[in-house]
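Questions regarding the structure given below will be posed in turn.
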Amino acid sequence: MSIPIVPNLLRDHLSALAHSDERIDGRGQWEGRLLEVEHSILPRAEGSARVRMGDTIVLAGVKFQIMQPYPDRPNQGGLMCSAEVRPVAGRNWEAGPPSPESIELGRVVDRGIRESGCIDVDSLCIIPGEKAWQVILDLFAVSDDGNLFDAFALAGIVALRNATVPAERFEVGDDYPLGVSKSPIMCSYHKVGGRFVYDADSREELGGDERIHITLGDDDNVHSLQKGLKGIFTTDEFQEIMDNARKRTKEIREVMDSL
Amino acid sequence: MGGYGDVQMIDENGIRVDGRGPADIRPITIETGVVPVADGSCRMTWGTNEAIVAVYGPMEAHPRKIQRQDRAVLDVAYNMAPFSTTDRMRPGFNRRSREVSKVTKDALESVVMLELYPRSKIRINIEIVSAEAGTRCVGLTAASVALADAGIPMTEMVVSVASGKINDIVVCDLNKEEDNYGEADLPMGILPNTGELVFLQMDGDLSQDEFKQAWQYNMDASKEIHKIMVDALRGNSS
Amino acid sequence: MNGGPVARPDSMTKGKRATGSRNHGRASLLVIPGEDLGDSEGKEPGHGVISTGGRLKAVKRGMLRDGGGAISVEPTHTTYFPRPGDLVIGYIEGCTNNLWFVELGAPFNAILPMSLGPGKIDFGGTRSVMDIGDAIICRIQEVEETHSSVVTMKGMGLRKIRSGVVEEVDPHLLGRLIGKGGESLRRMKEDTACRIVVADNGRMWIDGELDGILEVRRKLNELSSIAKGGGN
């Protein structure tokens, strides 16, 4: 990813806005952009979702493969999550092998979903020691206007919840819905103008500092954390965004459950 | 092209598996502005194909060695998303995608007024998010809509469509099942106002008469598709 | 193609921008590339139009304009290309001992030589005067055939921007923003008590109280969404 220049005026303006409790697009400190979620929109995927947050748009698709279980876990299938941000999604994203930025994206989303234990890997076993399902979640950015993390994480879990195991096509029984028992939700906070805000857009990302990603499960259990980019934060600041994440994840979970 | 077999894909009345007649194309929808951060963009669905195309530029051509002092270059990347096919498509280098990117670039460079933008490049990213059959045609057609949406000057729009042969009968716009049992495939890139061509490929087995029929089906279909493109570009602007 | 296409440089003509939206009193037509615009007899191909084989043809999507014997297309989306004399707002993207590289939102960066910089500067002192990320108001001094350009800061009102914000507007919306005889822009300045400089590359410098700046931004967003949403 090529890094554009950061206008000094933008940084000054963002900090003036923060002092007046304003944001560059008129939102409140903890207010997200308009959220739209759709599922089962890709005909070739076994599960899929499209998430739109403002001008950030992502797709998620679930595919299945048959794998041989690992020798140390003969009764378990696997989950693989990969994120790709191709040049289609923005002027600054470049072609070529996955950039460190897109690898970080995929891994942070992967940890949140995996560690929540939302997929029962034992149920993915077909013949112990011989055959098991590998669930592959591919995250794909269509338009990057900031905060791909939350969009990816939400699209990922929605696609998994709507996935069907294609057992008939692989001639190992009847199709059945993939069991997803939990709903991990990620909330990302960016330090902009000296304070943390929820769901930063691309201008706030450009003129901001560090970001923190929190994934919480249904019972507020913490499943993944990640601090990215240059910057220093305090325990009090973290406590504040953690408190907010508890509220936000509940709201997003309600949106997801209403689908 | 798959095997020949005994599979009957067309009934005695010339009706195909999905109910179409020999000359009919699959349903098409086109929407512009679907990638808000791009200079121009287009989503095109064609049967159960879906392509998303974004256009960025003109911008400085990087790396330096691709720069042309007298004109712009098109940087076309055609790619199939991992979840676009029945068996997952592994991301990364792919010879087929490289070839499709190249022929798409060659077709579009024939109509874009490159001479206006020396040393520049125009980036065209074609992402197939759902593949049925004929994705190169979808990609090329959608790319020309996205270029128009981006305000890139072009002497003509390109419409791409393919005809083929199943059960020894020439038909237009093969779907996935037909493609699996198809005996020939003739994709063309047509300038609908003049009937000129900027893209042509073919594989399979066609007699001279069958070839003429397939050519004619493509010419006729291009006019129909062009109308849908024009409507999409007219409807989405002030 | 016989004789080859004739095309105007890729930017709007000066006259059109000054008068703003001219879509009064007659239905306008949205044309798309390749569309036939009739016989070229007695008509000049203007912006976005070529003449080929005795016919006029649109090469861009946009509103068809017919005026002064020329047929042209006012595009719905444009990338800025510098023209000599344009007032532009740029960001310093790099510098050497004796010049700055200025990003203008165009495909290529412009060069600002030390001799055309603000005031007197010692060799090697470029960065202490204007650093990377700083915004400047400057004017296009010259443009080469291959789009390389030189900017100058010698002139009235040309300077480094020290406060306020820079917003981006699609260059084709500038006419609508400014309004007939500059009326819309003047009203916006009065309503918000802000100082506003609209540059030819689609950037605006807005300076004033924070509330005023926010108000201007809100109006700009409205303008862009109306333009996107198909209103006219």
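We just call them A, B and C in the order they show up, numbering each chain from 1.
Going forward, contacts are C-beta pairs under 8 Å (C-beta built on N, C-alpha and C of every residue); 3 or more make two chains touch, one makes a residue touch a chain.
Everything numeric in this text was worked out from a predicted model, so none of it was measured.
Under the stated contact rule, the graph of chain-to-chain touches is complete, every pair of chains being in contact.
The chain with its Cα centre farthest from the Cα centre of chain A is C.
Looking at which of A-C and A-B shares more C-beta pairs in contact, the answer is the pair A-B. Centroid to centroid, with C-alpha atoms defining each point, chain A and chain B lie 32 Å apart. Chain centres here are Cα means. That of chain A falls 38 Å from that of chain C.
Chain C has no residue in contact with two or more other chains.
Multi-chain contact residues of chain B, defined as those touching 2 or more other chains: 59. Residues 42-45, 48, 55, 57, 59, 61-63, 65, 82, 84, 86-91, 95, 97-98, 136, 138, 140, 142-145, 169, 202 of chain A are the ones that touch chain B when the two sit in their complex. Chain B contributes residues 34-38, 48, 50, 52-54, 56, 59, 77, 79, 81-88, 91-92, 123, 125, 127, 129-132 to its touches with chain A in the complex. On chain A, the positions that touch chain C within their shared complex are 5-10, 12-13, 16-17, 20, 22, 24, 26. Remark: chain C residues 1, 5, 7, 9-10, 30, 32-36, 48, 50, 52, 57, 59-62, 75-79, 107-109, 145-147, 226-232 touch chain B in the complex. Chain contact summary for the complex, chain B toward chain C: residues 33, 39-40, 57-60, 69, 111, 113, 116-120, 147-157, 191-193, 229-230, 233-238.
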